[in-house]
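Chain nomenclature is as follows: A, B, C and D, assigned in order of appearance, with residue numbering initiated at 1 for each chain independently.
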Amino acid sequence: MDFHLVHNWKGKVKIGGKYLGKEKIFIAGPCSIESREQAMIIAKEVKKSGASAFRGGVFKPRTSPYSFQGLGKAGLKILADVREKTGLPIVTEVMDTRDVKLVSECADVLQIGARNMQNFSLLKEAGKSDSAILLKRGLSATIEEWLLSAEYILKEGNCNVILCERGIRTFEKYTRNTFDVSAIAVAKTLTKLPVIGDPSHAAGRKDIIIPLSKAALAAGADGLMIEVHNDPENALSDKEQALTPQDFAWLMKEVKG
Amino acid sequence: MDFHLVHNWKGKVKIGGKYLGKEKIFIAGPCSIESREQAMIIAKEVKKSGASAFRGGVFKPRTSPYSFQGLGKAGLKILADVREKTGLPIVTEVMDTRDVKLVSECADVLQIGARNMQNFSLLKEAGKSDSAILLKRGLSATIEEWLLSAEYILKEGNCNVILCERGIRTFEKYTRNTFDVSAIAVAKTLTKLPVIGDPSHAAGRKDIIIPLSKAALAAGADGLMIEVHNDPENALSDKEQALTPQDFAWLMKEVKG
Amino acid sequence: MDFHLVHNWKGKVKIGGKYLGKEKIFIAGPCSIESREQAMIIAKEVKKSGASAFRGGVFKPRTSPYSFQGLGKAGLKILADVREKTGLPIVTEVMDTRDVKLVSECADVLQIGARNMQNFSLLKEAGKSDSAILLKRGLSATIEEWLLSAEYILKEGNCNVILCERGIRTFEKYTRNTFDVSAIAVAKTLTKLPVIGDPSHAAGRKDIIIPLSKAALAAGADGLMIEVHNDPENALSDKEQALTPQDFAWLMKEVKG
Amino acid sequence: MDFHLVHNWKGKVKIGGKYLGKEKIFIAGPCSIESREQAMIIAKEVKKSGASAFRGGVFKPRTSPYSFQGLGKAGLKILADVREKTGLPIVTEVMDTRDVKLVSECADVLQIGARNMQNFSLLKEAGKSDSAILLKRGLSATIEEWLLSAEYILKEGNCNVILCERGIRTFEKYTRNTFDVSAIAVAKTLTKLPVIGDPSHAAGRKDIIIPLSKAALAAGADGLMIEVHNDPENALSDKEQALTPQDFAWLMKEVKG
């Protein structure tokens, strides 16, 4: 199985290409955008600690239709403001082919979530966008399937693809998913695309985010995506795993030290 | 966790409601529609053996963008013809929110595939359709997640949902996936929605389709979906598991006997 | 991969060989032998309902060293009594190579549990015994590994091997393990050894034992192993899944009907 | 669930207790001892590169009874010689309760393999030995089960237990098993026992051993176990994953640098 190699693309965010391997990227922010105030506080804090980009969900894929579904379009406006005020590039998820254009206007990187890794219509639409695409690995996807999903985007002409490992589903109960560090090492032998890790979603608990972050980077990851919330106890989603801005500052010191 | 109960819906196809438990349903046909001739031959044969509906894919979700992707809109016309000529209700997959309306015109039952089980935009759009929806279980989805995905459709007002177990991903190599008969038995304790089994996709080999079909029905399944091809050796997809029309006639005799 | 075929062995219990396929076998009894009285009550009841053999553990493999470990040798005496009083063949687990001889004196069939499926020393010792051996599939063993473990027994000259599927470990939470009916169908294509199913351990809940039992037989199983307890609420182990003798009588009517 | 904490044990090999966290341990050697010459060459080489102990199997647990089963007792004599000549402590697997004493005479650390993680008779016998015990995690064992198996050894009074993560079984095909770095991080939050990683068995391929080794240490592992062979092409077992002595020297430089 041969995969396309991407040597020298230039995205709005400088992640891959000639930058690859020189500087690690750190994407940080809350699972969901809850308010302008919350977003702004977190963005300023993570920037101070050295984050390269701000992430925050406004279209939220939730297992149950009765859970909080995100702020939607109102959230996009907040993201645009965060970008303007902080200068941080924005990473946010898009779930619907019909929203790709709209989200692209406020975001630098469109995230395609684990559940949509084989939503081929969405992948093709993302391939037609000029935004960079962060492609999460499906929670039981093989590495080959993950790379072939990236291929759907590349085939449309968009080579700004960042691969993101976010945990696989296993039988283990002490963590939400099993963070598959090995997949990062394997993917780096198969593709020139940047590969980052998201230990927050994988672990589902905050006390092991730092060792998992170090492990991902040690295995060759080009960066990390970390959930940060100013008030984790009262977060509308994923509160068990969100770091406080202080925790995140500590993490940054640890992984850079 | 409470799920909506559906007692007496009436779809274009009579599967659930007052019909539920009285008569098993048998959906048969090729993985992909390849030509008008192929579709017509298979449809007539499976009808003769007692099939309740004809299935055939025209929008094919393929792991690689370089594999055969289906006939697309041209295939829909063939399906409409098959319906007219044979009187069999049509089951076919829809992958894109923007195609729901179009596919609905030629199909009685819209299939949502395993990879799209948590494509929530597609689920919502299907919920707005007046077609029945066949919701395949994701290949590593828990039973709870599967039922919650059905809930996305029900919440929009479409209660004509058929659940379909199609195998889960495990470590086993003698079969493509592990046909989870147990999930059928469990689902029947949790919902009034009809639950059917698709042993063809699960097994990925034809020699055990009959015992697996019997097992699914014995576990309480309300029907089966079976891949049938007039020339399996030359099928454009999934040739290892397709039964010939003769095999299918034999299966029907076995499960009804 | 070729497996030895066993055409006409004769064990103390008539399960395989020329009997195979003519009559299904039903092994029933409690997870653990708790007292002479308990064992005798259950044995008489299951015999009345048509059980072919009595099962009951005296050496119990428990995940924690602090859980009830079984009655040990004292339990073996109870089993010998049950055999004498009821005439039922006895199935019981052996965990230690040094106990094979001793257990063989009181039991007709030595069970090798899922956790010991690749305890090769134990398999070899069992292969030297003249008892029949019931080999449970390991909870994440491939079908090939299961058959190769049987081969360790066959290689020593003991061909009285019964294979038993008892559920595999997956991500599902509504059942303890996933009862792999498909493995029964596959194993029947690969070996002449009898293959039975143990839905009780797999399900970990009693309400789906009957549909799973029917499914196993429909898939080709040569018999079933079912947990039965006279007072499930107060059982020392596995109380969630034990049927009462009345439930078992009902199950027997259902699967034979 | 509470686990016993082990603060200051002293084994023949200084791994845990007051040494824990001060110095990482590196156990290296071939999968199987094939000859005195082979063992001696490898042992001298890995010692030169800084290995803390020599590993080599003489009782080999093989899936098929027709595969090479190890040199057995003859191999033990070779191991004793290696210890005498090189001064390196010896790690080797024991599979049978009846061999524990014998193996203990030639080995400093008894390895209990993944397949025997829940062979409770063997665990108890190991608990009565005065050797240190290296307990591999079963290939589908939860972290809780792994720690409870260690508890079987601790309960008998032997607190010199080293936990070893060696990969879990998943659906992935690019690696033999999935090296579960996350389990190392979690185990370190639950027990004071030393936890090491075995990336060789997990990966089943040599090209990612270095990144996985770094990742394990970054996640908090107290050491590594690495397969090294002087002539991997002609190794009698596991040749795909064995490093040459030169590769191992490079690995040591990388992880210590």
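The rule we apply is simple: a residue touches a chain if its C-beta (ideal position, glycine included) is under 8 Å from a C-beta of that chain, and two chains touch if they have at least 3 such contacts.
From a predicted model like this one, the values you see are computed outputs, not experimental measurements.
Trainee: Indicate whether more than half of the residue numbers at the chain B-chain C interface occur in both copies; give same if so and different if not.
Mentor: Same; most numbers are used by both chain B and chain C.
Trainee: Using mean Cα positions as chain centres, tell me which chain lies farthest from chain A.
Mentor: So the chain farthest away from chain A turns out to be C.
Trainee: If you average the CA atoms of chain C and of chain D, how many Å lie between those two points?
Mentor: 34
Trainee: For chain B versus chain D, what separation do you get between their C-alpha means, in angstrom?
Mentor: About 48 Å, centre to centre.
Trainee: Based only on mean CA positions, could you tell me how far chain B sits from chain C in angstrom?
Mentor: The mean C-alpha positions of chain B and chain C differ by 36 Å.
Trainee: Listing for chain B: what residues touch at least two other chains?
Mentor: In chain B, 140, 144, 169-171 touch at least two other chains.
Trainee: Would you mind writing out the residues of chain A in touch with chain B in their complex?
Mentor: 61-66, 95-98, 115-116, 118-122, 139-140, 144-145, 148, 151-152, 155, 169
Trainee: Which bits of chain C are touching chain B when the two form their complex?
Mentor: 140, 142-144, 168, 170-175, 178-186, 188-189, 202-203, 207-208, 211-212, 214-220
Trainee: Mind pulling up the chain A residues that touch chain C in the complex?
Mentor: 169-171
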